[in-house]
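The same chain A turns up in both complexes below, where it pairs with chain B and then with chain C.
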Partner chain A sequence: MNDILVSFDNVTIDYVMKKQSLRAVRDFSLDIEKGKITAFVGESGSGKTTVVSALLQAISSPGKLTQGNVYFFDGDNKIDVSALKNEQLRKFRWSKVSMVFQASQSTLNPLMTIYDQFYETAYYHDAIASKEKFDERLNYLFDLVKLDAKRVFKAYPHQMSGGMKQRVMIAFALLLNPDLIILDEPTTALDVITQKYIFNQLTDINKNLGKTLILLTHDIGIVAKVADNIAVMYAGSVMEYADAYTLFKEKKHPYTRGLIEATPSILKSPEEIQPIEGNPPDIRNLPSGCPFHPRCKYCMDICTEQRPPLQKIGDEHYISCHLYANNTQKL
Partner chain B sequence: MKILEIEKLNMTFSSRGLNGVERVHVLRDVDLDIDEGEILAIVGESGCGKTTLGRLITGLISPTGGTIKFLGKDLSKTSNAEKKLYRKSVQFIQQDSYAALNPVKTIYQSLYAPIKANNKKLSREEIDAMIGDNMEMVGLTPVELYLNKYPHQLSGGQRQRVLIARVLSLKPKIIVADEPISMIDVSLRLSILKLLASLNQKLNITIVYITHDLSTVKYVVGEGRMAVMYLGEIVEFGKAKDVIVHPKHPYTQALILSVPIPDPVIERSKPEVRLKSMEIPDIRNRSDGCAFADRCLYADEECKTWKLANTNSDEHIVCCKNLREVPSYDAGETNE
Partner chain C sequence: MKAALKKFGKGLATFFKGLGKSVATFASMIYGNKKAFAGAIILMLFVFLALFGRLIFPYDETTSFSQMYQSPSAEHILGTDGMGRDLFDMIIYGTRDVMSIAFMTALMTVGLGAVVGIVAGYAGGWTDKVIGVVLNVVMSLPTFPILLIMSMFITIKDNFTLAVILSIFSWPGLARAVRAQIISLKERDFIQICKVMGLSKAHIIFSELLPNIMSFVAINFISSMKNAITASVGMMTLGLALFEPTNWGGIIVNARNSGAFAIPAARLSIIAPIVTIMLFQIGAILFSNGLDEAFNPRLRKN
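Here is the complex of A and B:
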């Protein structure tokens, strides 16, 4: 395996409330390869946003990391993200790992110009050597996302379109030159042509600058376009992990298969498309055993009783399913 | 038979601002005929006027120019009784199913009210039977499980089904569905689309499916037609299969190229989208001629003033002056 940048080690995240607690992420273990685009695919409630927020120690309240660790490899230095405190954490965020949030249109401050917002962030991270250097960096970043720097510098967020704001946020995420950028549904509210354009820029950022990207999405079409590695998530766990070509070709896990077959495509005839029967899981009341078993066509007795472990079934191909229990080695 | 004839439809919205009255010309000379019992898709990006067209068709707003004829009668000249019949016959399904249902009323109450309001003589038992039938039609069974629930207790897919059941209770001739699946999980989307297509087959209801998602069009319209809109105009119109696989207008080509295909091998070998600008221009700065001229690689000076006479016909219509110079594009054969 190539270099690893981030390692999720047995992460469990609970939302602890007075009456009950919800397990949003369960025993999540995954290594993120350096310099690659890794996509977390899952429907709403699958825990993809929750698990990556552990990487910034930004799990929304009342969520808590109740088990496991998240490690970030900074050269030879192994950082335990969950143990970072105050000043260390503040320095770590954005300069090592940055994030483009979902609906990032609304994450910009409506009362400040774009230039001032960039300046403020750089200032508090002690990243301004001189104003000339800073302006140079900004011009470079806006050039990278193909925005007219002169116009955008002075603009307030409401003066820009959704696609432009999204590109401003991508430039923002690159500001402190982090190793990893997390993109949470970066194009959901955007039109298809803008979406394609933004993903072309993101692939360029990945290829030319060597940035590692984590992409969170529910859209399997986008994943087919950009991702190197794919983790399919369901009810807070990884169901299958493989490189994009293998995953789409073999689609071993019944949920992966269902997801790919349920996705409309301009090339597929209506007969080729099959919805996944049943309803998405209620994480307040998860079924016993494998969380997918009530909707699974291949459900066996063992599936209703035991949760399948994540196991290796091929070269960097992991799966959590009892169907593949015997012919494989354990992870 | 034509159920709806739309001719030279124009819509201008005015708003009073700091600089006096500002007018935005949202729809420009839209021509469209809809046959009885057909499924028609209207496709376009945000701001192209597709929802405005849907609201005009359903009579929620009145056009500032042009005519809409329902079963041969001009809507602006109908009597009140005829207008009421039209309102009943043309129903709208909104995008946000949560906002479309009253949160403090049960599903039963939401379904009961429109039937009672339109059929004052019906007894409670008769109405209950109608509600039951409609719920079964949209697949919300067992019916008793849903009737006493409130909207927040249902999933997005179930709420969308409730909206469809409510619409059916008025026995409509046309259903305009505006992005009915954009807020529903992927694994449930397809069943809603199939439901719409089945209503067309079983009850012969004309369906106008408005969407930005090209990949879903085929699953609703089947052999039907689709119109592609750009900045308030229809730029291409024809059988959905032809338009999707062999788009001719430069804009439709760019749009279809941009739709991701869920297969890494095909998706990563597609050609690049080539446009002069990736941003959709402000509709207020649209050129007088072809609306797409500013972004089109094949446009010349004449395009900016060129005017298409008529887009109204049964064949594959493309509104482009330089069509001969646009290379043909093949999205790939479907495996059928």
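Here is the complex of A and C:
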């Protein structure tokens, strides 16, 4: 087993509202390997953003972590993220874990130049030794994401393109040199060439700087080449987790297979693209048993009755599906 | 506690640094924007007259009925009023009081309105509800009847008290508007992300929220100065404030009371102060448009 950086342990997150509460993440357990790129793949609403925000204690209100823990391994130190308070939390956020948000292009203050925004964040974290050192670091970071520092320093957000802002946000996430960076749909809304460009930079950041990355996306095709490990999510739970190669080769879980076959590619003719039948789940009203069973081609009686546990079926290969119930060793 | 204070200090420091930058950009922008420049010149003229006008154009208080309602001449640029006093000198003399009432009123209205609005909007919950009730109560007070009744018992003699009375009725409206702005800003992604980035409340308030409502606040400052000038005229007419013959409003009231409308030569006593008030308002409007551009990089042309 490789080094673990983050461990989600049985995490359940509810959005507690007046009329009813909504379970966006259910019994989510997963270890994130250090130094690797792990992708969370799932349809819109599958709880990707919700589950990772627990890692920053940033679940949007009225969401609550109702069960489980999130641990972060800082050297030999095991940090229980949900127990962090005030100053500890402030020191943890952005310095250990940072995030590029889903709508990250609007996370820049419209009234401040890019330079000032970086400066203030560093200033608040007492991370500025001298202005020269800081400028040096900024030049380095902007170089890394291939932005012309001279031009971007003085720019206001509205003077930059979407792709540029996205790269600014990646540089921003690197500012305090965190161990882990979460990227929520980092390339949605960007053209294919810019997408590729950004993924190249992310791979560099992972390989050369040794940063652990978590990528959230709804498009399994996009992360196929980039991710080391892939967790397929459905209705707030992990359906399958494996390294990218195994996952694509074996596509054991019917939902994983569905996702892969639904992905358009140049090599496929339009007839070969098989959309997954049925509708995305309504998490306010989940079916009994396996949440995927109404859309599953291989649905058996047991699937409508019992929720399949997450089981180990190979070396670092986990699956939540009754089809593989026999030849498994329990977790 | 110490750490909290330090953070608060940092927040304040960055706010003033940012404000300093805005002032600098504003100063440099003035050259590029003719209207804002004109506005600034007009306002500076008024400030200058408030400070030094009395020295340059001494005002002779003595009344002499033989000199009443004279037409403009070399000696009296705007002629004289109903008591034979130099109209131009009176207007200049009155500038200091008019300006200081307007300035103090605006300072209190905007200060109170902005602070209460920010607190209510940012804190939310119970704080917001309690403040909301207070605002509603103050806003539903019938201003005019209350002032009318007050005028039966007291006469305000100093500018400061007058400014307090004027601002008591005007701050809740601003507090409401600021609260609404803060609530919508608070939900914007770039504010939300601050928490996740581990930035303190002081930083969020002073460096992220305040600059974003600064142009709104500044424009309100200017317009509440404008309103205070007209409202103080009303207060003097009501008899709530001590009648000041050199106050621009006072000049108009005086002229009206002595039947200036019927005397062609006396019309200047009404027109001159009105034109002065208009000039100030034009300056204020032009200047506040410029402020908007100074604070909002999107509106800048460079």
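One rule holds for everything that comes next: the second predicted complex is superposed on the first by the 331 of 331 C-alpha atoms of A that agree within 3 Å, B and C clash if a C-alpha of one lies under 4 Å from a C-alpha of the other, contacts with A are read in each partner's own complex, and residues count from 1 in each chain.
Here is the rule we go by: a residue touches a chain if its C-beta (ideal position, glycine included) is under 8 Å from a C-beta of that chain, and two chains touch if they have at least 3 such contacts.
Quantities reported herein were computed from a predicted structural model and do not represent experimental measurements.
Colleague: Name the contact category of A:Ile302: first (chain B only), second (chain C only), both, or neither.
Modeller: The answer is neither, since A:Ile302 touches no partner chain.
Colleague: Give one of first, second, both or neither to describe whether A:Leu286 is in contact with chain B, with chain C, with both, or with none.
Modeller: So A:Leu286 meets neither chain B nor chain C here.
Colleague: Let me test your reading of the model: by the given contact rule, A:Leu56 touches which partner, first (chain B), second (chain C), both or neither?
Modeller: second
Colleague: Spot which of chain B and chain C makes contact with more residues of chain A, would you?
Modeller: After superposing on chain A, more of chain A is contacted by B.
Colleague: Looking at the overlay, does A:Ser161 come into contact with chain B only (first), chain C only (second), both, or neither?
Modeller: first
Colleague: Quick one: classify A:Ala325 as touching chain B (first), chain C (second), both or neither.
Modeller: It touches nothing on chain B or chain C.
Colleague: Once the shared chain is lined up, is A:Gln195 touching chain B (first), chain C (second), both, or neither of them?
Modeller: A:Gln195 sits against chain B, while chain C stays out of touch.
Colleague: Under the contact rule defined above, give the chain A residues that sit at the interface with chain B and also at the interface with chain C.
Modeller: none
Colleague: Give the list of chain A residues in touch with chain C in this complex.
Modeller: 56, 58, 60, 87, 89-95, 98-99, 101, 103-104, 106-112, 116, 120-121, 123-125, 156, 158
Colleague: For chain A, which residues count as touching chain B in their complex?
Modeller: 43-44, 146, 161, 163-164, 191-197, 200, 218-225, 244-245, 248, 258-260, 262-270, 272-276, 279-280
Colleague: Quick check on the complex: what are the chain C residues that touch chain A?
Modeller: Contacts found on chain C: 3, 7, 10, 14, 18, 188-190, 192-193, 195-200, 203, 207-208, 211-212, 295-298.
Colleague: Which residues of chain B touch chain A once you look at their complex with the stated criterion?
Modeller: 45-46, 155, 157, 185-191, 194, 212-216, 218-219, 222, 244-245, 254-268, 272-273, 275, 278-280, 331-332, 334-336
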